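Before anything else, here is the set of structures, which you'll find just below.
In what comes next, chain A is part of two complexes: it sits with chain B in the first one and with chain C in the second one.
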Partner chain A sequence: MSVEDNKAQPDKAAETRSDKPDKAPAKPKKAPGKAVKKKDPVELYELSVSNAPHLKGKAKTSKIMIAVCAALVPALVGSVLFQGWRSLVLVIIAAVSAVVFEALIQLLTKRKLTIADGSAALTGVLLAFNLPYGVPWWLPVVGSFAAIAIAKQAFGGLGYNLFNPALVGRAILLASWPVHMTTWDTVPKLANLSGTTIDALSSATPLAVMKHSAAVLAEPGLYDPGAVSQASEAVSQLTGPLGIGKLALGQVGGCIGETSALLLLFGALILIMIGVVDWRIPLSYLGAIFVFTAIFGGVTTPDGTYHFTGLFHLMAGGAMLGALFMATDMVTTPVTKGGRIIFGIGAGLLAAIIRLWGGYPEGVSYSILLMNAATPLIDRYTTPKFFGSRRAKEAANA
Partner chain B sequence: MSAFKELTKGFFKENPVFVLALGLCPTLAVTSLVEKGIGMGLAATFVLVCSNVLIALIRKMVPKKIRIPIFIVIIATFVVIVELVMKAYLPPLSEALGIFIPLIVVNCIILGRAEAFAQNHSVGKSFLDGLGMGLGFTIALVIISSIREIIGFGTFLGLPVFGEGYQPATILILQPGAFLTIGFLLGFFAWRRNRKKNKTMPDVEALRAQREKMTQVTREAA
Partner chain C sequence: MTRFVEVIARRDCKSFFTSGMEICRRRVKSRPSLRGDLTATGQRGCGSGRVVAKSTAFRYQKHEPPGAPWRARQPEDGMALTFKGGIHPPEFKHFTEDKALVEARRPGLVVIPLAQHIGAPAKPVVGKGDTLKAGQLLGEPGGFVSAAVHSPVAGKVLKIADHPHAMGGLKPAVIIEPAEDGGDGEWELMEPIAEPGRVEPEKLVERIRAAGIVGMGGATFPTSVKVVPPKGHEFDTVILNGAECEPFLTCDHRLMLERGEKIVRGLEILLQITGARNGVIAIEANKPDAVAHLKELTKDSARISVVKCKVKYPQGAEKQLIKAVTGREVPVGGLPFAVNVLVQNVGTAYAIAEAIYEGKPLVERALTLTGPLVSEPKNLWVRLGTPVSELLEQCGGLKGEAARFIMGGPMMGMAQHRFDLPVAKGTSGLLFLPPPPPEAFTEGPCLRCGKCVDICPMNLVPCDAALYSRAGNLDEAERYGAADCIECGSCSFVCPAKRHLVQSIKLLKPSVLKRRAERARAAK
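After this line comes the complex of A and B, so read on.
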């Protein structure tokens, strides 16, 4: 009852008020002699005043999203070639479920449907790129739900999310089902990169092999000679020209979209050329990883050979995928040019630190998530000052 | 306010966790299992009821300037009772809750109710307020821990909920799961509250229709 009453009241108010303007035309009749006609009040309603920007570029959200999706196609083709058709199926499942969840949430919360802008589909694709080949079919669905519902829509949708949705999805999956997310033995065409070493370690990603080998070689006295020789063999193969070549091409174990460094680079270079992606973040990110691992990541085998791992860390794992497609997300990274370089260097350093000394073999996703959290701060300190204006501190001193 | 309302306001309307956002530390820490949630909730309820009653009894004797230390000593007394009883009769639960039982001393719900309610109200009202708030806290803990245990372990009070094939989402048992669950529940209660508030306000659509009508009338008049 009370609900109906409340609804009824405004209607009544509308009627009673709308009566008043009906009487209004009567007023001018009282003074017909005055010739000065007042300006039509309706014209006031015709004026449209809007905020800047008044000039708009051709870029649209949907166009950018389609361009990024297209740039990911080469890497997907590579994954299908090297790993199998399941990659494509997983990508489709993730993308479709991401779009469905976005539509469902927007319908439930009575917001405007924005699935046509393609951002949800891109999130799904990127999420699937971060999954191992052999995950069960429901894993990308749950991941898409986490990415869209928790990381994106709970914060208000596209443009308001603090963290990269695909990476949040991956982080939640990794924390929930670590076994599924780190099982690589179902990769069918796994390249026989370092012979028996991979079997012995029961782990297929080059980064895990490298991490284990480096740990063994750091204290060879604690391990039996067989393990030490295996480790040194693995390191020399991984950092040798053949190992780097296979890593660059993508003929190694790993998540379905991250393995082929060259194909990812090819797609991203086109994006950079057409201006969708800013070169600053990828360059500073990869540069930071390269420099840091070149200085601190070197491994010395018992025979005294020093192995340079800078190039290996650039090509292995998710560094390329992260630097080129995850860290360049427009929403969750700084808008200023200087800020982007700070973001890239910070994320690169974090990724390298996690890889060399952290508990996980791979640190790219966490490095980007951590820097996402720092993005508002970076933006705040790198905002260019207007010409002639003074910062608050200088103004206080003056 | 009637006695019944004094009791029930803490359940949902002024729920200490979901509405007042008090006592979040134990809420985050001990809600991975329903059993722990119930244990924590009842322990805090006992302390809250006893401290509320005692503080209401001595409320006219307590000098305003040193009331906080006095409240803390009273609360700590009951916490020690709970701790020792739990250790004697429920050792597994006591072990599971660990440091969070002694930490009830600094639980802001208890000090908050002493400060906001018991020191100004009669013994009977303070008793009902303490019981209501304590049960509200327990309800909140049970809701949160049910969600976390069912999804994160696939069990409820230790009994399996889903079939053999269910693979639990471990993240809900971990710390991020606590933050996620409580975040969504806080959001849900805020939404429910706002919706109620909006119902008593004029309908936006009706106002918009009214404005358009007036615009039209002005247009016709001109």
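After this line comes the complex of A and C, so read on.
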């Protein structure tokens, strides 16, 4: 990219180390006078010259990546508690392989090694969070390759990728190994924890149960009464306080990182508080999902009860993980404040639409990927009004 | 979100009179401070104007006539005035904020550059070998936008020659050898104007020009030009800038504390010259003693108020200060006179008072010599033209081997590579910092995190403006704000990838501005 080529120019301004004694002969003779004849203290020092500002903040790319990784730890702990040690192993495999692939590609293409910035490791962790508990060990490795090699490095590395690498990895895995990616029946602990009808359906995620049940209840005449009653019971369980509570805590089937909404929220709130993550995208994303599913996602059971699903859709599936950690990926989301809100609302609407009427039970990852593609456009059309431009317009009109 | 609310509020005010009234009433109820203001102006509700005021800024009436009764919000509100955006760099004021101004020793050699201001350099009126009195004119203004220079000491002109200049390169300077006798004997002063209230404003402006006074906050724009608005404009407010938002610097703080009387008198003169009805001294909230002191001094004045501004960089930037104090936004590409405001540094007001009441030209100034590497950081009262090396000696020299030497503050000052540079009219600080960590210069890729966009006090998109500036793309750079950048450096400060954002924008800004000016000319 031309940006890289031109980098040398400002560097010249920024880093000119000048050793005073060396430079002195090149300069014209200093002003005569007794002060000059005295030993000038200038001779003692070597001065670095750079362009202002001379103070820099403490923020650092690697610190951001580490902070995000740390914020994911509570959710990972939750996953280990609720699902088992396998989730930790998968996360480590994904993270290590992502770092290794990044290093390999950068060595092969003779570019600067940047694995120390932590972005590759974070991509690996996020990818693993998007995998079901029972996937074979090689799946995260393949996913990491897709994420790092295809989605990130092929576009130019950190900062230049158009799509969220972890989600591209997940999308490729979902397209290539749909069985592995949608099999949830190997979660050993959940059977014991959930003592409800969800038990009978523990081979599927709550979202799949909801989608299936909603489809059954929409046209109950087509199904046998047993299926209908099971569906209506599932819906009332899932949208009832017990179901929402279990979803929030994480005692349900799902991807490694999707289990506990509360633990994800806890980590993300800390990130928002320390200023690593902007609140606009998570809030607008979750808000859009909530509002949209609250309006259009209600399910009525045969006994006439209306079940409100707004809260269920917030807690279930990847909504929290997506809103808090995937849609807030800096590189692939807008830089402007207004743009972030547009991004969040757009992605939230897409996710809700896919969930309610799409072919998949879950639409979070595709919603974010689709909005990623729109990010440059959003950035371009949400350029903030410069200080004084409103006033200038008024003056021109007057 | 706040912006969103603000937009709604404004729309309401404009198109729905009643809802606008309602919003105003709620504002008035929730903040007793504004009630006072609104009744003071006789404007209840906002049917005829608009409320742009957000949480902190003062309301701005679109059709407010210049000179209308107007008061800045008072710090009793408990809230400091502020603008949108900005950063909070570490202050580092503790090195010198408690140290009184010390008169620096008489220099052993004086170098007076003929160009210490924006505009044409001064034309020398003395020659080699001339004997000088302290205060004697050395160079007269070289044009309309220019300033005179005077000798700060009695002595002899060694020569008029090129000398290293703080802005880089060699510039002509008058080099003076001070007289040996240790004193300056009789000063050559202009005739004092004891009662400026009875003098024509033109005469006062002429005196300011004769005294060689320029903006002493660092911009060094000739004050005599700035105080006279272009035809069709007039000032209704004069703001004295005592924000001193640059980290490390404390000389304005000390000047306000120790010589506040003259600052207030300078402001009164400015009010008289401009005919403005309101004088405001704006001080950042981290100088409560200065706020209290100046309040005490101005408590009898009906026209002058002292306000407290939020501690935030760049609070002292002209447009941001106007926004914070009056709520008015200087239009893009415009100057403060467009919103009827004149901003002057407190040091400039002091110099004006001296020039009028004592007839003394601008030959001395306060500056802060500081930094973690300086043995005894000090606030100094120095004569212009004193070489930095002499001042450094008086502060005990440096601790440590390698350093950065910056003239001005750490955010906008210029790094220098030699110590024989003279103190000039715009030198507010001499800063000695440890060598930069090596990673300070290694850029990472832009993460598009938007931090720079969030904090830009001008509401620009620094990351993209920098990108296109480097690519030399004038159109796109201007689209993202390269022409409107105030070069405060906040973006480079917050960037986690340590990108050279403001530095890159500075590269292309002159070309973008030039093109904008050409376009404006073509349009006429």
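As a convention for this text, the second predicted complex is superposed on the first by the 316 of 398 C-alpha atoms of A that agree within 3 Å, B and C clash if a C-alpha of one lies under 4 Å from a C-alpha of the other, contacts with A are read in each partner's own complex, and residues count from 1 in each chain.
Note that a residue touches a chain if its C-beta (ideal position, glycine included) is under 8 Å from a C-beta of that chain, and two chains touch if they have at least 3 such contacts.
Everything numeric here is computed off the predicted structure, so don't read it as measured data.
In the overlay built on the shared chain, the residue A:Val142 is in contact with chain B alone; chain C does not reach it.
By the touch criterion defined above, A:Gly359 lies against neither chain B nor chain C after alignment on the C-alpha atoms of chain A. In the superposed model, more residues of chain A are touched by C than by the other of chain B and chain C.
Within the superposed three-chain model, A:Thr61 lies in touch with chain C and out of touch with chain B [touch as defined at top]. In the superposed model, A:Phe386 makes contact with chain C only, not with chain B.
By the document's definition of touching, neither partner reaches A:Pro241: not chain B, not chain C.
Looking at the shared chain after the overlay, A:Val331 reaches chain C, while chain B stays out of its contact range. Residue contacts after overlaying the shared chain place A:Gly226 against neither chain B nor chain C. Of the two partner chains placed by superposition, only chain C is touched by A:Asn51; chain B is not.
When the two complexes are overlaid on their common chain A, residue A:Gly304 makes contact with neither chain B nor chain C.
Within chain A, the residues touching chain B in one complex and chain C in the other are 3, 6-7, 9-11, 13-14, 18, 40-42, 45.
By the touch criterion stated above, chain A contacts chain B in their complex at residues 3, 6-7, 9-11, 13-14, 17-18, 21-22, 24-25, 40-42, 45, 142, 150, 154, 172, 175-178, 180. In the complex of the two chains, the chain A residues touching chain C come out as 2-3, 6-7, 9-11, 13-15, 18, 20, 23, 27-28, 30-36, 38, 40-42, 44-57, 59-61, 63-64, 114, 117, 157-160, 278, 280, 330-338, 340-341, 379, 383-392, 394-395. On the chain B side of its complex with chain A, the touching residues are 167-172, 174, 176, 180, 183-184, 187, 199-200, 202-203, 206-207, 209-210, 213-215, 217-219, 221-222. By the touch criterion stated above, chain C contacts chain A in their complex at residues 1, 3-4, 62, 87, 89-90, 107-109, 111, 158-159, 161-164, 170, 175, 177, 247, 319-320, 323, 328-334, 338-339, 387, 389-390, 392-393, 397-398, 401-406, 408, 410-420, 431, 433, 435-436, 440-441, 443-451, 453-454, 457-461, 463-464, 467, 470-472, 479-481, 484, 487, 489-490, 492-498, 500, 502-504, 506-507.
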